[in-house]
Amino acid sequence: MKLRGALALTLLPILLLSGCSVEDDALLVYSGRSEALLGPLVEKFEQESGLDVEVRYAGSAELAAQLLEEGENSPADVFLAQDAGALGAAAKAGLLTGIPDEIYSLVPSGYSAADQSWVGVSGRARVLVFDPGKVSELPASIFDLEDASWQGRIGIAPTNASFQAFVTAMRILHGDARTLAWLEAMKVNAVIYEKNGAILEAVEAGQLDAGLINHYYWYARAKDVGQAQMNSRLAQFQAADAGNLVNVAGVGILNSTDAAEQFVSFLLSETGQQYFAQETREYPLVEGISPADELTPLADIPTPAIDLSDLDTLAETLELIRQAGLI
Amino acid sequence: MPLLEINDVSVCFGDTEVLSGITLELESKQLLAVLGASGAGKSTLMRLIAGFDSVGAGSIVLDGETLSDTSKTVAPEKRSIGIVPQDSALFPHLNVGQNIGFGLSALSKEARAERVGELLRLVRMEEFASRMPQELSGGQVQRVALARALAPKPKLVLLDEPFSALDAELRGQLREEVRQVLRAEGATAVLVTHDQEEALSLADRVAVLREGKIIQVGSPSEIYNSPADVGIATFLGESVLVDGKVSGGKILTDLGSLSALNNVAEGATGVVAIRSENFYLQPNPTGDSEVVGRVFFGHDALVEVQTPKLRIRARSNGPFAPEVGMRVTVWVRGAVNFYPSS
Amino acid sequence: MQRPPIAAVALGLLAALASLIPIGYLLLRLFEGFEAALAELARARTLELLLNTIGLTVSVSLTALAIGAVQAWLTVRTNLPLAPVFAVLATLPLAIPSYVLALGYLSVFPWFSGFWAAWFTLSLATSPYVFLALSAALISSNFAAEEVARSLGKNRWQVIKSVTWPQVRPAAFASVLLVALYTLSEFGAIALLRFDTFTRAIYNAYRGSFDRTSAAALALVLVALTLVVIYFERRYRGDRWQAPTASGRKRRIDLGRARILAAVGLGIIGLFGAGVPVVSLIGWSVNQTGFDLLRLGELVASSLAVAIAAGVVIGIFALAISVWNLRYSSRLSGAVDLTAWAAHALPAVVVALALVYFGANLVPGIYQSIWLLLLGYLILFLPNALGLVGTPIALVPRSIEEVARSQGLSKNAALTKVVLPIALPGILAGVALASLTVLKELPATLLLRPNELDTLATELWQATEVLAYSQAAPYALALIIIAGVPALALNAQARKLISEVS
């Protein structure tokens, strides 16, 4: 009978799919970093350690939300996140068991959670990308962008997590009122983009004079097309400016097993650190490992005095960005 | 002046000519039946008159106003022509009263209610005003459809096989009602049908349509008694065809020498068409024919008779119809129509 | 009153319980922080979101209705040239995820954002729902009744208003309900186009501030909105008039010279709804180098497997509820039907997180397995299938079932051997629509999929997340092509009927 045949046909994919279920003994990593990036590193780890690793890829924020819902019963062993905020949320909910001292101490303080709940893996600096043909005088401070002369010339991506982290830093440094004023000025002056990459493309194409992005977008593109072909340049703001924030991708442990610790150590090993540096052009955080390209050394970036653990007040930040009408 | 004039109308769909050279006239308050088998072009003619299709040639004039010719086609809503389609097509979302009042939007509310009431009475549906179409029987549906078409007092009403979906008894009863309603409203109507009994009993004039052409137009009795050709003769009622030859003003056939209704040329050969009710079967123990079959209907009977050379079917008065096995003599009553072979 | 088949009742109750999971979850979250939730709702911003959401939903619903109705009327009822081609064109946006449609425009016009952009994109994306429902309803409506109305002095427009519209109104309302709930729950396109609705605020609450209480409060407002929309739909859709079996030829209306104008108009709509995004995707794909075809093949296979499995599961449940509620209607069956709809405007992320909570803590055995994913799809998309599956089941005359019973068939046998085969085209259409929607779904798939199960949608997300849009293009194209198959299948019935109208 037709109906029965059709049913049998459709049960087949279900059975096939249910075949690829979780291997219970494998290490389960929730990764907010993409498969294209993390996949090869995980394979290398599996080869070196002989351990089985399963990775669940999704957005850092979604994974944090998922972890919060799973609570104590989460099957995840390790949470690798794109930004400090997502890790902070998991830490606050008491889901992270903490990083062992010998691993935690590899990374300079300031790039990990103060309470040792998670550890930084790689860093990214906020920079100004600009078209040297169109910008003759660089802004000294992020607040210089409020000037009417910047109207329609500066690109920002208000929905981007890195931008939001930077605004959070501004709030910590200058207070909510000042930050709101800056955001409102941006509502007037800035061209809005969905992503950092789009800002860089626009500056490169000569459609936009300057933009606020993360440093590695520029270096990744420079690697593809050759540094000599790049039209745009990068610049930092003056010392301790919020615009110079260095944010991190980090990792936390949910189920403290030997395998989980091995995996975290691997991320902070020479191999792991070099891999991120090469693939993403981000800053390696472990001392003594030098970045790819001629990046300004991490220690030389005039970063604002911020404890990254304080970057978890995203709700208030979003509120301000919203009030300013940017999202 | 006739109310409706159809002048030499032709229409083609693609390469096939569906109607050719149709010319018809209809006087006010008369009912014209267009009789034809399916595929003869009846529906197309209806649609041309109603204004849903355009003529290829010729013109249609209603009440002195040209509705269709090759240069223009007046929109259906501006023609004042009501239609009763085959499947009645009552508006499923409106009740009986609303269906009838649908075309009366120009009237005031009171006038509309009055007119609807008038028609409900006319078609004897007073108690059904608030029923939905789904709740009606087949005959009721058609009565409402007729009332709906008549409500705006159209100059002309087109009835497209209005009784075809009904059973025989209901059909006869409704036919009579429709005639009365049309008369009461003083309506002029064109009825399209394939049912000769319907055409003959209802119409003032009958037009026979075959393969897109008008073959014959006349009063019902003219059409019935003097069919223009053998085809019409067999189509309209039951006829027995018998070969014959003209000799001395009479037609010699296997059923004897018959007199012709029409003019005949001496020596011509052809067929005569004899209506089955025109046979008289005289019981006669020494007759040369024998009754071999009989279908009894009550008011009459169809009797099958074997003559020395032919087998004929004769309609006989019910109570007096001969039994199977009886011997009879076959007589032909009155004159017959002779159709010379070409 | 006959008793409904046990299987239908069991499956129906199961589906209703499943739909209650997200609502129960939201109530749980709400009562965890009732004060905070009230504070969230009392803010001026909530009112602004409400107005934004209602404004977008109403305008998209009306526009989609207008587009779909014009497309349906022109292709089914008039002598529009190339009507079947335009029927395909009208269905095509169904195969394009609305975030891809938004991306297509955004990549060409970077300034494309805000209310008008969201309205434009979602109207185009949802108009096929109206087109499919209305073209089917128009074909089965009584053509002769329209001619009678003309003969009674109504012009073409008055006929549409007073005769055609009342006959197709239930179908139109049912499809507009889908459109409205789609708009209420849409996130991807809205986020790309930066227009604030409840759904975007809910996502931001989860993702930006991990604030589950205010997310729950906002989501419950959405549930309330959904119930209001459903109430209005049921109150005003009117009765379903079973058109008497219309005899006679179905004739197309001659548009005269306007037919060319109509064709150009539909062509432009088709260009906006499918042409621009597809062309821009192809443009990107051509610039690709070193694309992994094997990987694409794997993704196509897994996407199809998930979509077909989900489509069949959803179809079975939709069938059970339809049989129960339409052939053995009772108060309980009505409640089950309503419950299935109630969660339909919830953003997928809410449903997914509810199932994460439910799965990880209550049924860890199926957590992160295909079964929980299928449950998620069932909750999200059951209503999409209900309409298509229900209509033919309601139309099978009871007398046919009674004849089957008199021939010695049991109640269940009469259903499976007589009613279901007659309704089969509708059931398959429901399965096709559900599969199609599952293919395009992203947020719930990301959260509920088994570890390491990738589909075209998740890969598309990965690509847009880390790479340039251009690198996502081949996945988007593959998705559109695959989703095009059920979309055209849905349309096949309509096109066949269209060809029968002379």
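A, B and C label the chains in the order they appear, each numbered from 1.
Definition applied: contacts are C-beta pairs under 8 Å (C-beta built on N, C-alpha and C of every residue); 3 or more make two chains touch, one makes a residue touch a chain.
This is a predicted model, so every value here is computed, not measured.
K.L.:
Using each chain's Cα centroid, which is most distant from the centroid of chain B?
P.N.:
It is A.
K.L.:
By C-alpha centroid distance to the whole-protein centroid, which chain wins?
P.N.:
C
K.L.:
I'd like the Å distance between the centres of chain B and chain C, where a centre is the mean of that chain's Cα atoms.
P.N.:
Chain centres of chain B and chain C, defined by C-alpha means, are spaced 53 Å apart.
K.L.:
CA centre of chain A versus CA centre of chain B: separation in Å?
P.N.:
It comes to 87 Å between the two C-alpha centres.
K.L.:
Could you put a whole-Å number on the gap between the CA centroids of chain A and chain C?
P.N.:
35
K.L.:
How about chain A: which of its residues touch chain C in the complex?
P.N.:
3, 6-7, 10-11, 13-14, 16-18, 20-22, 28, 34-37, 54-59, 61-62, 64-66, 68-71, 73-75, 89, 159, 164, 192-194, 197-198, 201-202, 314-315, 317-318, 322, 327
K.L.:
Touching chain A in the complex: which residues of chain C?
P.N.:
Touching chain A from chain C are residues 45, 106, 110, 113, 191-192, 194, 196, 204, 206-212, 302, 304-306, 308-309, 311-312, 349, 353, 356-357, 360-361, 364, 367-371, 374, 416, 420-421, 424, 443, 446-447, 450-454, 458, 462, 465-468.
K.L.:
Which residues of chain B touch chain C once you look at their complex with the stated criterion?
P.N.:
Chain B reaches chain C through residues 43, 50-52, 75-83, 85-94, 102-103, 105-106, 133-134, 145, 148-149, 151-152, 154, 158.
K.L.:
So in the complex, which bits of chain C are touching chain B?
P.N.:
For this pair, the touching residues of chain C are 142, 144-145, 147-155, 162-163, 166-167, 238-239, 241-248, 251.
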